[in-house]
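Dropping a structure here in structure tokens format, bear with me for questions.
We call the chains A, B, C, D and E, going by the order they appear; numbering starts again at 1 in every chain.
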Amino acid sequence: SSGSGAPSGDAGGDASGELTTIRVGILPYANVAPLYVGMQEGIFEEHGFEIEPKTFNNGAEEVTALVADEIDVAFVGYFTAAVPISKGLPLQIISNNDQEAAEADAAWAAVTLVSADSDIQSVEDLPGKTLAVNALRSQAEVQNTMSFEAQGIDPASVNLLEVPMPEMGAALANGSVDAINIAEPFASAEIAKGARQIDAPLVSITEEGENFPNGGWAVTQDFLARSDAEALAEALAEATDFTQENPEAARAVIPEFTALTAEQVDSVRLPYWSSTVSRALVQQAIDMADQVGLLEDEVTVDDLLAEPARKFSDQ
Amino acid sequence: MLVVDKLGKTYGTGATQYEAIDEISFEVRRGEFVCIVGPSGCGKTTLLKAMAGLHSPTRGVTRLNDRAVTGPPAEMAVVFQEYGRSLMPWLTVKDNVLLPLRSRKMSSAERKQRVAESLNSVGLGAAGEKYPWQLSGGMQQRVAIARALAYKPDILLMDEPFASVDAQTRGDLEDLILKVRDEFGVTIVLVTHDIDESVYLSDRIVVLTNAPTRVNEVIDVDLGKPRDQVETKELPAFAHLRAHVYRLIRHREAEQ
Amino acid sequence: MLVVDKLGKTYGTGATQYEAIDEISFEVRRGEFVCIVGPSGCGKTTLLKAMAGLHSPTRGVTRLNDRAVTGPPAEMAVVFQEYGRSLMPWLTVKDNVLLPLRSRKMSSAERKQRVAESLNSVGLGAAGEKYPWQLSGGMQQRVAIARALAYKPDILLMDEPFASVDAQTRGDLEDLILKVRDEFGVTIVLVTHDIDESVYLSDRIVVLTNAPTRVNEVIDVDLGKPRDQVETKELPAFAHLRAHVYRLIRHREAEQ
Amino acid sequence: MRAGTRSGLLVGLEILVPILILAVWWVWSASADSFYFPPLAEILRSFQETWLFARFPTDVLPSLGRMFLGYAIAVVIAVVSGVALGLSVVARQAASPLVEFFRAIPPTALLPFAILVFGVGFEMKVFIIAFVCVWPVLLNTIDGVRAIDPVLRETVRVYRLSNVDQLRRIVLPAIAPQVFAGMRTSLSLAVILMVVSEMVASTNGIGYFVLQAQRSFDIAEMWSGILLLGIFGYLLNAVFIWIERRSLTWYRAIRSSST
Amino acid sequence: MTVVVETRSPSTSSLGPGARGRVAPTIAIVATLVLWQLAVTVGLIDAQYFPDMVSTVTQLAGLVVSSSFWLALADTLMGAALGMAWAVALGIPLGVLFGSTEWLYRAFRVPIEFLRPMPSVALIPVAVLVFGTGLEGKVFLAAFAAFWPLFVQTVYGMHDTDSVVVETARSYRVRTFDRLWRIKLPGALPFIMTGARISAAVALILAVTAELLFSQSGLGYEINLARSSGAISLMYALIIAAGFLGLLLNAVMVFIEQRVLSWHPSTRELLP
């Protein structure tokens, strides 16, 4: 139902047994499974929260809704969060959620695919070709630029074209683009149709075994001032780690907030969920964004990560 | 040639049903000039439109040369009572008159000639470049007449064509129509409220009753040809006919 | 009371400029019945609209009780030559007549009464619930007249109000208007093409020339009151006046 | 002379009111301190930097080109099929459910189909613009044809005008006023759809710029783009009105007050 | 053969007028469905990214029996109807006002023409900030977009009154209220009703679009879910459902139109 009933206030939290309603902005992707697993397992209830998810189509709308106090928490990518923060919006991430896989063949956040009969064998063949990305001036552009640089290719030589992810398969099929940078669940579906994977940008730019941070839970500074902010961060962290340990629980809840069927869920690559995140890699993400020119004022890891999230980050 | 056979028209259905024409039969011979007179609202326009194939009657049929009329026959022109609305406001007077000629096979010079001639004949030679809404009511009516004349029809149906022109112009136009009839053998059916006019113009007059309408009487007008505005109207027969028609129309039921 | 003072009207500018009225002056006294006659297209409608304050003249002025007319004065009603277009197709006949009464202070019963009366007086008592487009031309014209009568104006301007009705109805309506004038002292200015009508109705007749228009002659009609369709028309003075007007109109320049 | 002063006053009003609104906006936004409503001064600065005339050839011209093409295609298709549907009861009955169905489909929901059929390039965007702009003109055309004066219809039948003459000299002029109303609505839709279509697979364009700015939280830039869109909207409409006035002189003469 | 006059089969047709009115649309719909199926089966359109007709219709049939689908439909309809209601409540009176008062129109022409081409996507931050992500935000976007066609058509309609009618009203000194309410407005109705039908669809489109972007329920929300999960035939089934909503809204508009325009040539010719 539309129109959130009870707006959450600072009151009524810890002391009494009453639950505080938290309005959470999500994107309808497998990434946010911890929220639903946490609800299922009663993790949020334990910490005194009742979760009310609200689905959005993209991160920018979520940020607007956060500012408008339409939601309390939003799942956002690190790049999506870094940009408004650099422009002075009072946001911070209170808990990490998911990361890219460490190996290319398990990558779920971004893989570059070409069609089965394509001449393109590897990233080296991309110059002069058109690569579809989900959104320019955002994570997709940054990660590919960096991956090309890491693999010795001039990023300027590849034409990036913005195509919504659900339509990338069609664009590849009818030849309007030569390669697509795509995430789950579409990546698995395209691979099943015969597409070949030639790159996983976030894997290519990290050291062996490292997981590049993908997204976390953002709140406004106002929310951080609340007494229960820390408790929420803990609950989110607990749910995140529980989900990583119980992938079957994740697969069970995904059909609830996506239109994926149970069989489809079984075949998609799942995100790597972790409440902890490497400060160094977050800093790298910020630097990359800056390098591509997305940021205005300088942003540090501490600007991005709120106190609770910092606690969970490995040093 | 043109036979109206037991024609009847009922407008609407159910509660709002209105029987305009009960049953009308008469015929018009080739080259004849027939006037239709009758009280206001008795169904003259309805009858004329049915004869033109614009309305389908509820009962009965109109036959032209033994074939039932279902749509406007070729070679028929109509001057509508609502002359103002029958002119295209986006076309100049000339183009309005020219329009029906476009689909006829003739050289463009001939077309222009015809347009100029017919506009001249109704006294609007100078108004060709104006638009209908720049003309007075009577001038608009004359444009509608000019358009019908330029079309050179075999049958000409006119619905109160001189209602908005002054007495002098009216007389001129009456004579013009008579001349056209004589020259080209046009068959003419004309609706009018002016009894003098009906007697002056007609070979026969069809007098209608009040609604539901029937034919009251068909009067033969034996005033000879050609007619003359002064002489004909001075004939004793003219006065007699005129009085006769007037009496017929007066014999109307209370209120319709 | 109503003074037309050196009124002139030029339509358009530049190349398409057309001088319709050169200069017209005359006056209408309270309770007087004045007819305006003149050739088709000479500017009668233009003149009437200027008198009604609907057009602003190019030159001169109309004065009503010594005040210049700049917009339609209260207590004035107009019957338009384009009667069909002046009726609202979305209102029933009754509502069309009722509309101008809405802005007047009176009880709704009184309004209804007036509407019914005036529709009856033009012979349309039974047509109140119909829509204008369900009426014949003559009936529409009578609705327009009924609307003006129901308004009970002090001044009534009518532009060829009887052009589309039959002879019998025309006579009835003429007498109706005369009766209204006598009963309520209405001042009436009426444009007509029917010379008999102008003589029969008027206290004075204003005869206009061709465009660019001036007043040809103002004729006093001394036929006494009340008038009668048969008797008045049999008076020698009537025949004389009628011939006089006709001659005036005939004296027109070649083509306009 | 009276007419002269009157039109002078009107022109004055037309200039004064927007200036007043801008002034109010200026004062309000300067003190509002809202992230999403930056001071007008900042927006104007960004406007000047962005559009005068740095991005004009790269973003503005391609956008306008696509917009005009889509709009033109829509108008032609709408008028041609609208006339056909307005004239034939059977055709109208047959097409009506399809028309009503398709015009309720959100253009954004149509993107997947458009990409599949037209690819991600130029054609797809033109298609999206045309698809949306077609409906207001189509409905107005159909309704305009159906509203043609019955007396005119009868005149046409009596004089047996050729089909070409009927269309060119009767139907098209008669429906023009209403078609113009539809075109006016569609013109604004074209601007809107220009932006929407640039949500996908664009590398330039005003809409692309606005969306990028929105996404990267360059709010002043975003508003400067919106400002430009508004200015275009106004200018396009001004041109439109000018054309309309020229082609519908007769209509103004018979409609509303002529004085 | 004439173009201008509708070619109507005479009343002697073996089918009643009602039945005849259903045959043509049925044929058209069936033909479209068959063409769709053929286009996909033959391979004209890539079946991997565009579902064939049969599977989409099957999906739709599956949806029709689920209550959540009807709830979503009701949500969308609610947003569209409220948006339309606002558009009518503001668009027609303002259109009447601006269409009948020249100085007002001239004074606000610049801001009006400035606002009209505002894309809804650009307004989303405003909608979210001021009205939130609930029903209100959705209604605002739908109302904003649906307002303009109605407004523009009303302004045009106000100029469509016959000049003789206007002069009649002036000479009888019909008071302003009656002049607007009984003369100008009815005269403008043909234009307004066309505008209302355009606006109804626009309101629906914007309700769905708002749901696509930020709402928590409704067809647009479901479409967004299906799209972001690659459930193509589900997505198209939902889009078809949106189209059906359009048919429904239009039926309502036509119903109203036939009543308020019974005097108009376009409607009265349908009368026997």
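Throughout what follows, a residue touches a chain if its C-beta (ideal position, glycine included) is under 8 Å from a C-beta of that chain, and two chains touch if they have at least 3 such contacts.
On a predicted model such as this, the values are computed, not experimentally measured, just so you know.
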Chains touching both chain B and chain E: C, D
Label of the chain whose CA centroid is most distant from the centroid of chain B: A
Length of the line joining the C-alpha centres of chain B and chain C, rounded to whole Å: 26
Length of the line joining the C-alpha centres of chain D and chain E, rounded to whole Å: 17
Distance between the centres, which are taken as Cα means, of chain C and chain A, whole angstrom: 83
Chain centre separation in whole Å, for chain D relative to chain C (CA means): 47
Residues of chain C whose C-beta touches two or more other chains: 54, 82, 85
Where chain A touches two or more other chains at once, by residue number: 58, 64, 67, 166, 170, 173-174
Residues within chain D bordering two or more other chains: 36, 112, 116, 149, 152, 157, 160-161, 170, 199, 214, 253-254
For the chain A and chain D complex, residues of the former touching the latter: 58, 60, 63-64, 67, 83-84, 87-89, 132, 135-138, 159, 161-164, 166-167, 170-171, 173-177, 294
Residues of chain E touching chain A in the complex: 46, 48-50, 75, 124-125, 128-130, 132-136, 138, 212-218, 221-222, 224-231, 234
Residues of chain C defined as touching chain E within the complex: 49, 52-54, 71-72, 74, 76-78, 80, 82, 85-86, 88-91, 99-100, 102-103, 131, 133, 147, 151
Residues on chain B engaged by chain C in the complex (per definition of touch): 11-12, 18, 37-45, 81-82, 84-85, 123, 125-126, 134-139, 142, 160, 163-170, 193-195, 246, 249-250, 252, 255-256
Of chain E, residues touching chain D in the complex: 1-8, 21, 24-25, 27-29, 32, 45-46, 49-50, 102-103, 106-111, 113-122, 125-126, 129, 148-149, 152-153, 156-163, 166-167, 170, 190-191, 193-195, 197-198, 201, 204-206, 208-209, 212, 220, 223, 227, 232, 235, 239, 242-247, 249-250, 264-266, 269
